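Handing you a structure now.
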Amino acid sequence: MKVVTFGEIMIRLSAPDREKLFQSPYLRVIFGGGEANVAISLANFGHDVSFVTALPQNDIGDAVIAELRKMNVDTSKIIRQGKRVGIYFTETGANQRPSKVFYDRAHSSISEAKSGDFKWKEIFNGVDWFHVTGITPAISESAAELTFEALKTAKDMGVKISIDFNYRSKLWKYGKSAVEVMSEIVKYADIGIGNEEDCQKSLGIKANIDVKKGKLDEKIYEELTEKVMEIYPNLEKMAITMRESFSADYNGWSAVLRSKDRFIVGNKYEIKDIVDRIGGGDSFSAGLIHGLDKFRDDEKALNFAIAASCLKHSIPGDFNRVKESEVLNLMEGDASGRVQR
Amino acid sequence: MKVVTFGEIMIRLSAPDREKLFQSPYLRVIFGGGEANVAISLANFGHDVSFVTALPQNDIGDAVIAELRKMNVDTSKIIRQGKRVGIYFTETGANQRPSKVFYDRAHSSISEAKSGDFKWKEIFNGVDWFHVTGITPAISESAAELTFEALKTAKDMGVKISIDFNYRSKLWKYGKSAVEVMSEIVKYADIGIGNEEDCQKSLGIKANIDVKKGKLDEKIYEELTEKVMEIYPNLEKMAITMRESFSADYNGWSAVLRSKDRFIVGNKYEIKDIVDRIGGGDSFSAGLIHGLDKFRDDEKALNFAIAASCLKHSIPGDFNRVKESEVLNLMEGDASGRVQR
Amino acid sequence: MKVVTFGEIMIRLSAPDREKLFQSPYLRVIFGGGEANVAISLANFGHDVSFVTALPQNDIGDAVIAELRKMNVDTSKIIRQGKRVGIYFTETGANQRPSKVFYDRAHSSISEAKSGDFKWKEIFNGVDWFHVTGITPAISESAAELTFEALKTAKDMGVKISIDFNYRSKLWKYGKSAVEVMSEIVKYADIGIGNEEDCQKSLGIKANIDVKKGKLDEKIYEELTEKVMEIYPNLEKMAITMRESFSADYNGWSAVLRSKDRFIVGNKYEIKDIVDRIGGGDSFSAGLIHGLDKFRDDEKALNFAIAASCLKHSIPGDFNRVKESEVLNLMEGDASGRVQR
Amino acid sequence: MKVVTFGEIMIRLSAPDREKLFQSPYLRVIFGGGEANVAISLANFGHDVSFVTALPQNDIGDAVIAELRKMNVDTSKIIRQGKRVGIYFTETGANQRPSKVFYDRAHSSISEAKSGDFKWKEIFNGVDWFHVTGITPAISESAAELTFEALKTAKDMGVKISIDFNYRSKLWKYGKSAVEVMSEIVKYADIGIGNEEDCQKSLGIKANIDVKKGKLDEKIYEELTEKVMEIYPNLEKMAITMRESFSADYNGWSAVLRSKDRFIVGNKYEIKDIVDRIGGGDSFSAGLIHGLDKFRDDEKALNFAIAASCLKHSIPGDFNRVKESEVLNLMEGDASGRVQR
Amino acid sequence: MKVVTFGEIMIRLSAPDREKLFQSPYLRVIFGGGEANVAISLANFGHDVSFVTALPQNDIGDAVIAELRKMNVDTSKIIRQGKRVGIYFTETGANQRPSKVFYDRAHSSISEAKSGDFKWKEIFNGVDWFHVTGITPAISESAAELTFEALKTAKDMGVKISIDFNYRSKLWKYGKSAVEVMSEIVKYADIGIGNEEDCQKSLGIKANIDVKKGKLDEKIYEELTEKVMEIYPNLEKMAITMRESFSADYNGWSAVLRSKDRFIVGNKYEIKDIVDRIGGGDSFSAGLIHGLDKFRDDEKALNFAIAASCLKHSIPGDFNRVKESEVLNLMEGDASGRVQR
Amino acid sequence: MKVVTFGEIMIRLSAPDREKLFQSPYLRVIFGGGEANVAISLANFGHDVSFVTALPQNDIGDAVIAELRKMNVDTSKIIRQGKRVGIYFTETGANQRPSKVFYDRAHSSISEAKSGDFKWKEIFNGVDWFHVTGITPAISESAAELTFEALKTAKDMGVKISIDFNYRSKLWKYGKSAVEVMSEIVKYADIGIGNEEDCQKSLGIKANIDVKKGKLDEKIYEELTEKVMEIYPNLEKMAITMRESFSADYNGWSAVLRSKDRFIVGNKYEIKDIVDRIGGGDSFSAGLIHGLDKFRDDEKALNFAIAASCLKHSIPGDFNRVKESEVLNLMEGDASGRVQR
């Protein structure tokens, strides 16, 4: 498929070796951001993917583009303007100590890009699928406008649209609430993706789920997806990821997928020694998009997405560097982790 | 509170990445030592803490002081004399392979400091709490004398005293036994802290506990604390930590606290992926001191101490770098380790 | 004992920190190879061990020899000829993501060594034990011939012979099948060692075991060892390791040992946070050889071998760097991993 | 002396090993900024120094403060407000390849602090010396106002004032020119410090110097200092550093100092293997302030400043970590670099 | 311009920090190879460059391609076949200690590619310039044949051809001598490039130059270029680089360029603190190709090439990561290395 | 030759990347010590060398022995007793900033070994050469006695003896002066080695040399060697190294050698980018011993020694890891440092 994703890619600075930030004078520097992570994962699965964003015309912007190119993502639609690449700092927790993310992303090029800066008609020419998340509309009013602009054009041009609702409480500071904006955004989606918190905080839909307790109840997810699809009849399918947080490095991981006529609970994996869970949701989105395209079967698509994102938890960095064959291997049942010689 | 701790701070040289010592030619270099660890943790919780020790007048002594200053501990009472900073080497085990500590601490400045070198009256002026451990009296006869000197002055000046019994079998080489010295030392304590081994080896009190088996029996702890408090009626409270050692990186962690009229068993945490357990006991002491001061409630104090020291197990290095809010979060029940964005 | 092992030692290049290969521009460089690993482990247990191989006459060959010397292995029987040291790249998996090994070992000095290059009579002079594996006969036809040459000489000179069947599917490319060659090789063995896959793939013996499922059935191992010893009556003893692969970093680990008149199931360990499992089988072989020599008791020998190889899983690199006392400590029941101060 | 410096401290992210930025995924993370560098160097020389700035109330702000505390600088006058700590990225050149600095400092806490945020009277209470640079007035209009506010109060309270003219072409973006602002700022100075470019670009004074040619002509410096002191009769002394840039890692380093009645050319050092020259000018300012205070002799003060800053070029990071005794040793003529055992 | 280069790209494993190989257990892993280095440098200068080679169909081949893509080089003409990526190990010398390169490149995919494996007509479609070196014909007989095949097709299709004579004494092992093959190869060149040793050893032309003495005599270079161009009248231009090797990290660097009617001696740079000189000649070739295209002026082209390759000596790794603007800055006379803020 | 050296080997902990000690939390850990360095260098040159010392019976002592074994030095004469391995910390200077060494070596096993602990007759059985330095007699009275004991036995058994006078001002703390002891020690030497400071401080012989000035005057060395040999007629030869310290990383390096009838000034090298000069003198001693044995020609021996130690300055760590062929190459005139491919 020809795919476009639109959003922000940032510099990620990570404390090494489970240290607290600045505990020692070294940082790992990688790049990441929801929509870029989806783009890269889809490129790994063999799609022709273009990532659309704005980056400053300097050495740092060049470095971001080189990384995307390395990951086989088309960068020709990126516009070069503005002043900075957003940054986020991370420290990786363990056991009862949570991982932390600190954003320093205000005033990034994409947050200051304006309506008209992107040539959407050109961008969506010949494109099959467009993916966007709830993060971009949260960073600034103009970024929200750009998201609408993109969604409208894509819709008009018959591009399939998936939206990850992705609620970020520390963003949404420009005067509008998440619910206010996202409830309009989601009207463009063919495929909705989120976790239970995203559904509640982005769409204002209540569900009786306490995410801080480990075990999750599938029934509540059945009701929640039903509610979402009633309110947004434009949605063909709605997927919700189910993370059981036993500790910072031990999670249960599964998801559900509802279509008009079917509710499926996917495979579940125990991930007991999480390496890096940032980007986990993005790898699910990419897995689902690829799965739906490849299998034309909801159950397989869902299980592919869960397996793909399960594997992401074992790879450092935001990007899901696994190939389709590796995901298929797990999806078909081999979770033994035996050495491959 | 205004707090003083007295003891030794050493250079800690650690093999990286679960390697055996000298397996590769790199060492992590940090600083640590029981009483310094307590001082730093209390400073993190907002107290005004002074660490008292002796350090040589050279670049290495300067570096130790700079680190203490960084951790917000007052260093103005440290005397500069003697020849060396003690060193300990560590390698971090995993699974069935135990972690190892090798001491190279003989002849350190503090072990050779003499009675009269510290101006105790000045040091305890306006101080609320004094904490000391069973390690300092074990390193040399003069260090034991200094401990008595400090305890007497503190007691005379009405300072509250906590003592961590901390038994170290590789020390106690100067001719007196642990029991001989510690049974006198403990007479100065208002608050006693230890694990079951410390109570037995430092005080000569028998208890029927096999620490090499995982599961622990709370009843034995009830009896043990009772015995200790009978023998040392000066003790207002006696806390004992309960470590269930399932493997080098998987421990159960809890503690009990007895006061004159009450025996409390605290919360228990399963720590399945220990990052660094050195300093775990010290972070418990600091948590207990802070908890008793803050809550004026034994149960809360105990649970704060357990939660604080539980978190320490997930941080590299001796120091417990968590803030009060992080401990409260865990103590109030969120052990989910969910990413904080 | 005076021991000789014969085979290949390679450069091992490992991606750091659970990364995918080439994810970041650093590689750990160590050395390893089945028979060298056995040699080093036996040297650690106090034996007088010589490792026999061919290495090129250049700085890289020199570095390999220096490493063997460091590990206390005699290198005086190594011949210097040929063009390259074989290389293998590894990436360490986690959870459901398997570890991977990529070989770049074709055309190594030992794979191109020819019959007559080694002076076997001199090499086995005064030697008590000879160990070889199914890897060397798999790398090239000439290496298979050298293995036969060595085995014949050793047998003639009354040296005890152990063979690890070690099946490697990516080797065996020179025209003969594993079964064709190994079924002849094994006729020289006094002690056979393998896992269930080695028995099946190297010897063509069927057993009803699915190694991708976690739990293993001891009965099948009882039958399998029986079958092997019927077909190869030269075998005094046959040991099979039992690995339950729950995930890439969580395995159950045990083994069985059959002698003419007895079948023993050894202790079993849960290894929940595997550090590096490459070399695990080799450390079992070394433990068994040492155990049989030391205890003259099959049960103790087997349990020593399992405990030794259990500990190997917690040490980075191919080599089992533990001492006999550390193995005995575990074998005698202390798996608590408590810090040794 | 009791000293105050005021300005910005940033996170410095440096590419390792003379690499281009983002060439490999590691960054060294330290802290630095002109006025903080001066504060730290003066603290190293034994003064009682307070650094005044604004930092956000988060973990990153805490880390900056901990570092200042480690370097023995008082942080009690720092206000906690605003949103971010400024960042600068550096790559270290070599030979003909220049070092590069990329600023990402807009919207930092200090750049958005407002008049009235600092209690200047309290800050300068009992203070002997105040140091500020031309960087702070360049970052924002409000920061320029704060600088004037501070200078006025300090002047009124009889505090000695030194100003490093420090021209930064990439700043000065808020509508006023450097000359417009700095020509007013400098009227508060007792001691002026700069290089020839600073004098020209900050004050608009012409001098016939081509800084891209290696060799420098002292006469021009004699005239330039004369001109500056004519225009700014408030200046008691004017120092200009003389950097001969032969290559990125080979510089000549000296300075001149003019007082009302004397023009002195200081010692000159050839620095052939520069380790890190960022912070070089700041270490000169600190050396001059300390030298003037200690020696009450212009020539010695100047030579102390040159020697101090010469040594800075051999230390990684912004901070001049040398002690007074090390500077005196060089100043007294031992530039041999012989190992000190 | 549309450019094609053809040859080998290898894994380069470098000892860190001027250590001897395997002195410590870490290696830097990058990629490099003469023709790939030229491709990357030309891509940096803005050309549309395709690198043609063979790489195995495995994760290692994928990693090489990702790196080329990152450096903005087209990889669509690379064929995936064969068994291995060649490797070379380097250690970086200093002072009188030479740097060392150890090749482990036999049996690489490109060395075993055969005539017919590449579709040259398609590859050269629309291409302006083809660059090849004397390394590829040296690695195997089939690689030499492929080089001829490529050169013939390019010549037929009117593509401009540059050849770097690049003599490698450790290659040329397949039975033909360098002179035998290269004297035929060079007949296809429009632009010849080499150093004095390449001319002598590849073409068999004598010149009276002792490269181990520092200072070089331009006259000899005048005669040498004359001789080469007499023998190979197909050459429009002949460039020879002049390296004065004062030590491993101190070289003089210049070059000469002869065209039919003019002999030019270029600018000369003293490089006193070489960071990495591997790839220096390749960066000269790329600079010359770009310079000739851009300036249509031999002197400017030559000086651009020298400045570009001068800068390469200050960057770790094979690749010349500088931009055109950086080269122009040096070429126009600013070798001061002053910090660019 | 069969060679024995006797003395101390320590753990060397070095700050990385020209940092000050403890500037960042990493240390390189290697091993080193004068007499061990000589042993290793002689082993590199092909001799059969045994290093004699005392090391504690623990993992740290084991690691030291493994390193010696790796470097091909016999460790069978090392006795295992005492409590610690000595430590020294180093930071590497640059330009005008000197390198620093901090010793923490008191109470090491060798410093507390006693007369009778070594079986000297057995140790010197069949030995051709014995080397010792002025460091061992400086660390403790008992170590001085052991040195005398060793020297007497060696002399009695006809072993050739070389002594490096090596003055260390921070040692000699046990009550005797360097001159008092060393003037007796040197009476056992056949070959004396030192620098001008060693001669003066160890033997009390005056010479008019200011080592802090760069340029050195050979005449003074001629007189100094004459004086030494007059006072110690037992000396067959006396070598003095000549280090011109232009800066911490730029030295001139040469030496002189006097025999009964000849005074030779050796080759001189400019070393402009010193990597690590610790162990430089030891590598000279080893070079001289090897040179005298190999060439039986004073001039060649001296020039070999200078070339060997010149190369040491370009290698990190105490050990001179160069081979004889590399030294010969430099000695024969190739100081060009050209890449060896």
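All chains are identified by letter, namely A, B, C, D, E and F, in their written order; residue positions are counted from 1 within each chain.
Throughout what follows, a residue touches a chain if its C-beta (ideal position, glycine included) is under 8 Å from a C-beta of that chain, and two chains touch if they have at least 3 such contacts.
Since this is a predicted model, take the numbers as computed values, not measurements.
Chemist: Which pair wins on C-beta contacts, B-E or E-F?
Modeler: Most contacts of the two pairs: E-F.
Chemist: Could you tell me which of A-D, A-F or A-C has an interface matching B-F, in the sense that over half of the contact pairs are shared by residue number?
Modeler: Interface equivalent to B-F, from the options A-D, A-F or A-C: A-D.
Chemist: List the interface residue numbers of chain A and of chain B, divide the shared ones by all numbers used, and answer same when the ratio is over half, different when under half.
Modeler: The interface of chain A with chain B is built from mostly unshared positions.
Chemist: Can you work out the whole-Å distance between the CA centroids of chain D and chain E?
Modeler: Chain centroid spacing, chain D to chain E, equals 44 Å.
Chemist: Any chance you could list the residues of chain D touching two or more other chains?
Modeler: Only 20, 25-26, 66-67, 100, 272-273 qualify.
Chemist: Once you draw an edge for every pair of touching chains, what topology comes out, line, ring, star, complete or other?
Modeler: The chain contacts form a complete graph, every chain touching every other.
Chemist: What residues on chain D touch chain E, complex-wise?
Modeler: Those residues of chain D that touch chain E are 17-20, 23, 93-101, 103, 168-170, 211-214, 245-250, 272-273, 277-278.
Chemist: Quick one: in the complex, what on chain D touches chain C?
Modeler: 24-26
Chemist: So in the complex, which bits of chain C are touching chain F?
Modeler: Listed in rising order, the residues of chain C that touch chain F are 66-67, 69-72.
Chemist: Which of the residues in chain F end up touching chain B in this complex?
Modeler: Touching chain B from chain F are residues 13, 20-22, 25-30, 58-60, 63, 66-67, 83-84, 87, 89, 100, 102, 104, 106-107.
Chemist: Using the touch rule from the top, collect the residues of chain C that touch chain B in their complex.
Modeler: Residue positions touching the partner: 269, 271-275, 307, 310-311, 313-317, 321-322, 326, 330, 333-341.
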